[in-house]
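In the two assemblies presented below, chain A is common to both, partnered first by chain B and then by chain C.
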Partner chain A sequence: MNALIFSALSGVIMMYSGFVFKSNKAIRTLAHILLALVIVANLMELKGIAIFEVDTKGMLYFDKFALLFMLIANFCTLAFFILSSKDMERVGRSYSEYFALLFFIIAGIAIASSFKSLLMLFLGIEIISIPLYILTGTDKLNLKSNEASLKYFLLGAFSTGLMLMGIALVYGATGSFITSEMVVNPQFEVLLVIGMMLLLFSMAFKVSAAPFHFWTPDVYDGAPTVFTSFMSTIVKAAGFIAFLRLFDDVFSGIRPEWKILVAFITAITLFIGNITAVFQQSVKRMLAYSSISQAGFMMLAVYALNSDAKEGLLLYAAAYSIATIGIFAVLIKMKDYTFDGFNGLARQQPLIAATLVVFLLSLAGIPLTAGFLSKFYMLKATINAGGILLAIFAVLMAAVSVYYYFRLIQSMYFKEGNPIAIDISTEFRFTLVALAGVTILLGLFPNLITHWLYF
Partner chain B sequence: MIVFLLFLIPLIGGLVSFLIRDGKAVRIWTLFVSIVLLGVSLAANNFVADPAQLSFNAQWLGTLGSSFSMKLDGLSKLLCLLTAVAYPIIFIATWKSSYTRPNNFFGLMLLTQAGLMGVFTATDALLFYFFWELALIPVYFLCSGWGGEKRISVTFKFFIYTFTASVVMLIGLVYLYFQTPDRSFSMESFYALNLDASTQSWVFWILFLAFAVKMPVFPFHTWQPDTYEQSPTAVTMVLSGIMVKMGIFGVIRWVLPIVPVGAYAWGDLVMSFSIAGIIYASIIAIQQDDLKRLIAYSSIAHIGLMAATLFAETRSGFQGVMIQMFNHGVNIIGLWIVVELIERQFGTRKLSQLGGIAQKAPVLATLLVIVAFANISLPLTNAFVGEFLMFNGIWNSAVTEYRIVFTALAGLSIILAAVYTLNMIQKVFFGPENDITSKGVDIRLNEKLALSGIVLLILVFGIYPQPLLNLTSGFVESLLTKINVANLIVN
Partner chain C sequence: MALFVIGIVGVLTRRNAIIIFMCIELMLNAVNLLLVAFSKMNNLANAANNPSAGSDGQLFVFFIMVVAAAEVAVGLSIIVMLYRNTHSVDVNFLNRLKH
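Our next item is the complex of A and B:
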């Protein structure tokens, strides 16, 4: 609760900081400090120290799972701030507002990952989505950015409508919004099933699972790259946490049949994401499709819904976000976003190329990186839930993903070119190396994250 | 503890190599590391009797049911010895090859060695999988970074091929994990499993596929000739001398004892494919004009014989495979050294452009002829012992009804091997000189040293194979007990 309030307040403070501070550097520093405060509050809450208590009437429930995810999300946001906040200056003039919107998204993430009431789920998802619509369109003079924003808004509004309808039907069938108090009235079971399907579809839309993924490549490609980095990682992971929480709390005991539907969504998400990513020429679009394929892997957690799935999803959120934020941070510095634009990076910037290799290996799921263990958790959870064929399909698709991730390695290491346009600060290098270090560390000792769930 | 050193020394040595900028210094350093490792490996095989020293256990991923455990038994002793012997020879033989960014090259070479050592010693399935992939990543960079013209696409094919097969294996390992009563990835728990026949028959394929690609068994061999051709020679030596043994090792350690019924059920099919591969690869080898491709195909044939023998499941067969793994590694590295010498001196690997080198390079010719004899497995060479045991094994096999056919067809491989090997010797070394070969000189000291080392190994183990047999006989007995052939046939 404290972290939620702090991040909402930080958003408001950032909104007005533009009037007080004229230099971008001051605004940036303020944002870093505020985020650090949010993290401290979050950490204290996780350790059981609350600065103040708020009674939410059981609508929000900050368990360790929610708090730990918030911590991961906040840490990734901090990494994102350090790596890329300077590049936000190039998007437009409303520098402080961008930070304000990002803080509001963090507040939305806190709500969406800790809801106990379906109304809070709706509120959280909306608080995440509306700032995103704006951020997508911040490159005001760019037609692609405007198109992406409008497209995202229209489709997003539609899926929110579906969600609201689903919540209404579930309420009708169970007589409660609070997930732990739902009692199914057998007379209205059909309402529950329809409501569940509507919720499934709208959540699938939010996390860009196929066949509801069509907005993703255009929006991710059209949005300014700094914000694509944020929305394709932390926001997406938050969507999955909400997804898992919703189905774990509400529907896990009720209907085994819906698993077939989830398995189907998972399989086609994996298939479409990976196969389409193979054909991309732009790294930014490749990462957009890669985010769909990674979403397919995270869907396995929603399919399995056991303790491995919960631990694994947290690890996955961290591994995926860190790796993708790192790659995007370098991508922003490039003058050319195609694969050929990365030619010769290893010769020019050996250290940065090496960290990118770690991130790409992590995304591809090669051992010794966090990406492998998070995929491993997902597979283990899936096999435990009886979905061995789904697991085999998933690993075959992971093998396909090697194709497009390694293409980037090939460009960097085995081709000649002169890629970087913008000079790179020592701080940037240091952060990238630290993130690569975290990726390897989590690949060796996943307990560094998962033990927080229990202790 | 000493088993952990086998993994740790090349790992640290490799990481240090990245930091040594000077080309000469990094060579000396890596050679030093590999010789130290050879010493440790010999010591582990001969002087360490305390079993506590030969195994290593540490807490790791406890919540996932996995631990960092390694052990040296007969099989791993043999393969670790091969790895440890091969590296100094490779480094000495390629001493004069120049590489751009040598620190990265040698660092990756040693990391590969660390991965290989890990694969051969791991007794935890998840740890094994870790090493299995880790041995592959540095090889990917080595081949793509320092290989021939078409290196990038060829290496990519190799990588995706093997990676796909190994992730499928991972599913198999996780499935087995859920079958163990104590939810553990340890080898002992896997060996204690007693799955029913229908489960075994599909788990067999999920596991075997990864190893079949790695060996490679026909029809999964298509990555191999291209990769051998395009890789830098030092890496080709590692790939063909040691890495293909990972496949055979995998079958012995992670397939036969865990799913014996599955292996029995599919044994005839695998043997048929392996033997078809022997004949197919031999015939292609006869027609090759490129020396590297010729040796690559000859390697497929030799590995095919080992794969077939594994599924005959007899004592002498297993024993033969064990020592042949070592001998094949030594012999093929010898052949690659010769190819490397020829290519560097004359700038070509084409048989049609070579000839008459024997007069120019008598020492090279003598040494090559001995290595070539070993490739045909003539008596008094090391390969003879192994192949004899393997044929004996297939002939006496109790698990297949077609043992006579299999033996006869596999026996063809000896004749075919003689055809392509002698053909190669004749075209390269004898006959008239031409413009290209007339300017040849004999080999240098480092190459003499490496080749004589190999010839020495060939002759010593050809005449007195007992040390190798002793090293593995205990392991073969325990393997046979685990598989329990008699029990298989009754059911």
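Our next item is the complex of A and C:
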């Protein structure tokens, strides 16, 4: 609750800071301080110290799972701010408003990860989505950015409509929005099943699982790279947390009906994401497809729905967000977004190339990195839930993914070239190295995250 | 339900961004009507002794209206921005990103 209040307030403060401060540096510093405050409030609440006590009438429920995910999301946002907030200056003039929108998204994430009422689910998802439509279109004179934002908006609003219909049907069948008070009226069970399917489709849309993924590559490619970095990592992970909570709380009673459907969506997401990523020439587009394939892995958690899946999803969210934010942060500095643009980076910037290798290995799931253990947790949860075939298929697809991640390593280390990277400061290097360190540390000691769930 | 289906068919077949947008609004309004109907239906039994029974469904409608208004503000400004650059609101323009 406290993190939610603080992040919403920070959004409002950032909105007005544009009038008070004239220099971008002051605005940037203020944003960092506010985010640090949000993190402190979040940590205190996780330890049981609440600054505000608000009675939400059972609509929001901040358990350890939600608080821990909010902490991970806020930490990743801080990393994103330190690495990339300078590059937001190049997008447009309304610098402080970008920060305000990002803070509102964090508030939406807090709501979406802790809802107990379908009303809050709807509000949370919308508070996340609406600022994202704006951020996608911030590059106002670039036609690609315009198109991406219109496409994202129309499809996002459409899927919101589907979600609302699903919520209305579930309400009709159960007579309540609060997930713990739902009593299924046997007369209307068909309404519950149809509502479940509509909610499944709209959530799959929001987390870009196939066959509802078609907007993803275009939107991620068209949006300014700084904001692609944010929305393909933290926002996507938040979508999955909401997805998991929704199906755990509301629909675990009618599991046989949707289990096979989720398995199908997972398999097709893994397949399309990985196979298409192999053929990409641009690193940015490759990362968009790789985010689809990683979404397939996170879908395994929704399929399994046990305690392993919950721990695994938290770990996955952290591993995937950190690695992808790191890669995007370097990508933003490059002039040329194709694979050839990275040729010979290892000779020119050995330190940055080395951290990139750690991130790529983590995404591919090589041991000693956080990505390996999070994939391991997911597969373990899936096998415990009885999906051995699905787990085998996921491993095969992870093997495919190694190809396109290693292609980037190959072009950095084994090809000659003269990459143009701009504006790399020492603090940028330092943060990248720290993030790579966190990735390896989580790969060795995953308990660092998961033990917070129980103590 | 009929309104909702009209909305979906409209979104899938029309090519004008503003008409697609209107169809999405149609879907939302269908949901509003349905919510009010369900809130009455689920509480027929205890409506007599508790006049505020089922008010949660009706409150949800207000939330949908507010969020839809926010969405309209953002959506129309995106469409205006696109129109300034391309002088068209045809969604066939959106195919330029695919290559």
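In this text, the second predicted complex is superposed on the first by the 454 of 455 C-alpha atoms of A that agree within 3 Å, B and C clash if a C-alpha of one lies under 4 Å from a C-alpha of the other, contacts with A are read in each partner's own complex, and residues count from 1 in each chain.
Everything below uses one rule, namely that contacts are C-beta pairs under 8 Å (C-beta built on N, C-alpha and C of every residue); 3 or more make two chains touch, one makes a residue touch a chain.
All figures in this text were calculated on a predicted structure; none of them were measured in a lab.
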Chain C versus chain B on the shared chain A, clash or fit after superposition: fit
Which of chain B and chain C A:149 touches, first, second, both or neither: second
Which superposed partner A:119 touches (first chain B, second chain C, both, neither): second
Chain B versus chain C as contact partner of A:446, first or second or both or neither: first
Which of chain B and chain C A:379 touches, first, second, both or neither: first
First (chain B), second (chain C), both or neither touched by A:58: neither
Touched partner set for A:133, first chain B, second chain C, both or neither: second
Which superposed partner A:211 touches (first chain B, second chain C, both, neither): neither
Angle at the Cα centre of chain A, taken between the Cα centres of chain B and chain C once the superposition is applied, in steps of 10 degrees: 140
Partner chain in contact with A:437 - chain B first, chain C second, else both or neither: neither
Contact breadth on chain A, by residue count: chain C or chain B: C
Overlay on chain A, chain C to chain B nearest C-alpha distance, Å: 26
Chain A-facing residues of chain C, complex: 4, 7-8, 11, 17, 20-21, 24, 27-28, 30-31, 34-35, 38-39, 41-43, 56-57, 59-60, 63-64, 67, 70-71, 74-75, 78-79, 81-82, 85-86, 91, 93-94, 96-98
Touching residues on chain A, where the partner in the complex is chain C: 119, 122-123, 126, 130, 133-134, 137, 140-141, 143-144, 146-151, 153-154, 157-158, 160-162, 164-165, 167-169, 171-172, 175-177, 185, 218, 221-222
Residue ranges of chain A in contact with chain B within the complex: 361, 365-368, 372, 376, 379-380, 383-384, 388, 391-392, 395-396, 398-399, 402-403, 406, 410, 413-414, 444, 446-447, 450
Footprint of chain A on chain B - complex, ascending: 60-64, 129-130, 133-134, 137, 141, 144-145, 151-152, 156, 159-160, 163-164, 167-168, 170-171, 174-175, 177-178, 206
